[in-house]
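So that we are looking at the same thing, I have put the structure below in structure tokens.
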Amino acid sequence: VSAPRRNFASDNVAGVAPAILAALAAANEGAAPSYGDDAWTARLGTLASEVFEREVAIVPVATGTAANALSVAVLAPPHGAVYCCQDAHLVRDECGAPEFYSGAKVIGLPTPDGKLRPEVLAEAVEGSRAFGVHHVLPAAVSVAQATEWGTVYSLAELGALADRARGLGLACHVDGARFANALAHLGCTPAEATWRLGVDALSLGATKNGALAAEAVVLFDPARRQTLEYRRMRAGHLWSKHRFLAAQLIAYLSDGLWLRNAAHANAMAARLSVGLAALPGVRLVRPTEANEVFVHLPDPLHAALVAAGFQYHRWPAADASPVYRLLASFETAAGDVDALLATARAAAAR
Amino acid sequence: VSAPRRNFASDNVAGVAPAILAALAAANEGAAPSYGDDAWTARLGTLASEVFEREVAIVPVATGTAANALSVAVLAPPHGAVYCCQDAHLVRDECGAPEFYSGAKVIGLPTPDGKLRPEVLAEAVEGSRAFGVHHVLPAAVSVAQATEWGTVYSLAELGALADRARGLGLACHVDGARFANALAHLGCTPAEATWRLGVDALSLGATKNGALAAEAVVLFDPARRQTLEYRRMRAGHLWSKHRFLAAQLIAYLSDGLWLRNAAHANAMAARLSVGLAALPGVRLVRPTEANEVFVHLPDPLHAALVAAGFQYHRWPAADASPVYRLLASFETAAGDVDALLATARAAAAR
Amino acid sequence: VSAPRRNFASDNVAGVAPAILAALAAANEGAAPSYGDDAWTARLGTLASEVFEREVAIVPVATGTAANALSVAVLAPPHGAVYCCQDAHLVRDECGAPEFYSGAKVIGLPTPDGKLRPEVLAEAVEGSRAFGVHHVLPAAVSVAQATEWGTVYSLAELGALADRARGLGLACHVDGARFANALAHLGCTPAEATWRLGVDALSLGATKNGALAAEAVVLFDPARRQTLEYRRMRAGHLWSKHRFLAAQLIAYLSDGLWLRNAAHANAMAARLSVGLAALPGVRLVRPTEANEVFVHLPDPLHAALVAAGFQYHRWPAADASPVYRLLASFETAAGDVDALLATARAAAAR
Amino acid sequence: VSAPRRNFASDNVAGVAPAILAALAAANEGAAPSYGDDAWTARLGTLASEVFEREVAIVPVATGTAANALSVAVLAPPHGAVYCCQDAHLVRDECGAPEFYSGAKVIGLPTPDGKLRPEVLAEAVEGSRAFGVHHVLPAAVSVAQATEWGTVYSLAELGALADRARGLGLACHVDGARFANALAHLGCTPAEATWRLGVDALSLGATKNGALAAEAVVLFDPARRQTLEYRRMRAGHLWSKHRFLAAQLIAYLSDGLWLRNAAHANAMAARLSVGLAALPGVRLVRPTEANEVFVHLPDPLHAALVAAGFQYHRWPAADASPVYRLLASFETAAGDVDALLATARAAAAR
């Protein structure tokens, strides 16, 4: 029995799910055409269309930043504006990649909980339009599902936002770095959570949820495929041994692996959230709906966790008291959570 | 015994070397810090400096196009000119990625054999300078080693070119997608083939030679590291589970794997080259110095090979008769080559 | 006697100062070398160095947006962050030109009055740095002098900001679209208001203050000239008949024309400001320090002015009651102001 | 009587046509809305549609490089290829501006005389397509009319090229820096020389032919106007006092000024060409169809001209003997030409 894992810093500190590692080994048989002309890539295309219940264009890349940046570049012109939450990965954590790929301006808008409100979006768009050609042209909205604050848009919330976006003439992108976690929380189908609501493009994450390095742009209008494929190549994101990207995603989307992994991570986060919230002086900052826990911790409790080797980040926030973020992943075991909670309880009892 | 491999279309139709696949599995133990703050990445940095016999900055990415584009972006300003061979991957096969990343203009120059001549470079630079601000500013030269025509610069040739470049005020980049094949041919050390000649940056390929997806930019002036790391992130090429990039390159550079694989591929190409050249009507287009064979084939011989299921590409060339390119990889077996030669001999005998 | 001008919408609704129009006609004598190799351009270089009391590089362009975008591109790398006020022309009114030219991200920060505070800048920079490579690299600060709110940084204020910027490793740019108005208010020399405070680059405006179409980037480190000149050409901003750009700026900077025009515009704005502020229900939103007046007007008073044909803009602001902006230019006559005030007084008396 | 002008270096060494200077002075009356919301700009739109005999979008800028770069950016995606002659201004003399604005790759193709041949274009496009996503996507062709070699496409030639381009799926741009000179040579209408042949966009030059600084992008599909206007603003090419751009172009296109000026320049070039060609040892390099003369001059003759103060450029060319370019402009007088010819004849007689 190994020692409990004490690293809750991110879901990407996890390794690779065994089924995905096995898929990589299995794909390593014989020669295969390069650059996506292989059987795995073809299979992935079919599978994705099954999963999303319509013909889609799915284009894999190795990183979520690439998936987001390519999505934005397909949806917005260089003189365009792309709106997102002010805490969004898109605007804060990607070193300007969406702007680099698209030329567009990414504009962060305030939200209380990581969920962009239709009226906030509308006001921003109208404000931009008032400047005419002097300001960038409103072009797209991008939302994270699950959000960067660990919350999940309800279908009604996301549908209302997508409707408003469409009414404003904007395309709609979903940053699904943790899309499986959102699906697991919502208990709906991928179709119900995306194009049936009016979503045009999805960054489908797999890396945080068990892949080695695999994400994909999913376009619900396959006519946009050519532009996306050229842009991927131009950005250096087309793998020569493409089967190894496709094989990861096939394994991920097959046999419910993605949803199983995500449901587990969510459950571990919930276990952590409930356990922490029961302690005196601890206060949840946002509801724990996916696999992220945002919490205020009393200083002595935090110090005890750090001293015991637990790892997690302080989160940038305007709050007076420090906010910490703890993540669970598909690899997090109940024992890992319980070890943290035991340390926390002991500290709280002192 | 499996059937002989018949795919000579590229060295990237090969799979992953067993030692590298094993390294990926070995790296999949426990949590690790993400985005390069892990032990594998640190180890790679040390190892690369040992391999190159000086402190270098090594920054891994998944594709050769990304490595080239980032190298160019570090060496040339947006208003700069980067010179290369007119058949170079950089100018013809990367969908404008180097221009996208750098803003610079990539200018292809004529060569008889894939090797850029110092006097051709000098003439082009002087021609550019004559236009002053109306033309882009000469900034860098990029050469492939081994070249796109399967040839290898001698150390004297590359040194003379790098010297001339320096004299012209240009930085010098080597596209080493097949750098190991060049080293195996030259029988020199990595240091002798790069910075000791005046090379500033190297795209170090591994994917074609046994990795799953791993290349690296190697900068011989580590002061350029920060710019490179920011640009990599901005281009979406920083892996979250970075240990899996680093682990591939560690295995690649350890225990002589890279040179062993390359020497094998070169030997298989030589076997193929010699065998084909002995046939009536066959003519080598370029000397086979690395793992690529460029050859004219009589039409009936070509037809027989295709009919037998052998795969390889017709190469774009200004020649009257068609030029074919056949590649050997680390996976190519002598029996694979011999099977092709047997078919070719039978056709030639008809 | 012509009717009073009723257009207070901007200072760029004005025409060309007679001395500048005369300079254009005078430059239209005989052939002259193109693209800046002419005598006027040489003279401008000498004159600018005299005006700024040190050797500077002055590079003219036709628009302020070009001057700002080029300045930013010289001072910040593509992966950089440029900080400015959230209401700055740079971030709101230039359709993303600074980002287009530089690749950098322009980040707007809150201010009460258009003047960026050192501590607000420092907090933003430290916040950016906390994300490392995931966020853009702090590179430069850009402030408008006079500001977009019609205020003027005192020399102490601007010096403190430039000092802090330097301490944070940032370059410092001044958007001087209304630099002459600021100088006229401050009563100091151009040198005292720029490089002596630590300013690295200035967008020197002339168009709003009497030129037909002439601005310039002034670099206080002439070593940056080559980069700027190449970037100007690459952006299509090098005039072939360059003498006609240079001639405008020579006339502008000669015989005190720029300061005289600006002082007049400031005086007219002050006359307007004082006159309006004396009326019941009118409230100045910001002090009138240059040639812009920001004011709340009672609805009936505003309606009366509009009905009388006076033109000015409602300004985007978070205030409950509407904010209006009125500008005076070098062409505004006291009679123009008095006509507006008369209408306003009559409306206020009703 | 002034001395003869001896500067034949370019047509942009000329000044401003009196009618255009007068138009600028006339436009300097009273306030006018800025940024193109003025009466002059509206008038220009109407006038351009009359001149081209259909509704067009005309968007003025100050430089030909800007007009070309904007045209390319409207017609080609960032992953696109734009084909032109290898000596084209677009690829050689604009410091990468078209690439900067569009992201596309500009590819120069060989021609004997500055006129791109349909079959050369077709071969290049098919060559690009053969690489699929690895090469940039064929998107547009750009030709200069008159060409950089002083030749003029016949309507049949240009029509055949535009037809072929359309068949290849390319948009068609004409760099009309010297469009009036071409019209004067062809004796056809603007419509006949552009959209009736299948041209999509025209860079309409005026500066070389009498304007101070005024060019325009003319789009024959007005639906592209919005994109163009946003891109112009984003590139810093929207003048605040826009009436002064529009007024130049109105004067230029009114009363036949543009064609009269161009016919005169053409006639002066013809006079020069005929006169030089009659001298022993002189050889025309290209036929003189517009206002440019390309000629081999014996060394003593060249030396005599230089000694007498005549100015013109040696032209970059692969010829063994030096090629010189001499230009006539709307300002060139017959006496100026005759003075040069007299010097040349005297030298030839020695």
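In this document, chain identifiers A, B, C and D correspond to the written order of the chains, with residue numbering beginning at 1 in each.
Simple rule for what comes next: contacts are C-beta pairs under 8 Å (C-beta built on N, C-alpha and C of every residue); 3 or more make two chains touch, one makes a residue touch a chain.
Everything numeric in this text was worked out from a predicted model, so none of it was measured.
Taken together, chain B and chain C share the touching chains A, D.
Using the average of C-alpha coordinates as each chain's centre, A ends up farthest from chain D. The distance from the centre of chain A to the centre of chain B, with each centre set as the mean of the Cα atoms, comes to 34 Å.
Annotation: 51 Å between the Cα-based centres of chain A and chain D. Chain A and chain C have Cα centroids separated by 42 Å.
Contact of a single residue of chain C with at least two other chains is seen at positions 35, 78-79, 94-96, 100, 103, 133-134, 136, 230, 233-234, 238. Partner chain C is touched in their complex by these residues of chain B: 35, 77-79, 103, 133-134, 136-137, 226-227, 229-234, 238.
Those residues of chain B that touch chain A in the complex are listed here as 2, 5, 7, 9-10, 12-16, 21, 24-25, 27-35, 61-69, 94-97, 100-101, 207-208, 212-213, 230, 233-241, 244-245, 331.
Those residues of chain D that touch chain B in the shared complex are 78-79, 92-96, 99-100, 103-105, 127, 130-131, 133-136, 316.
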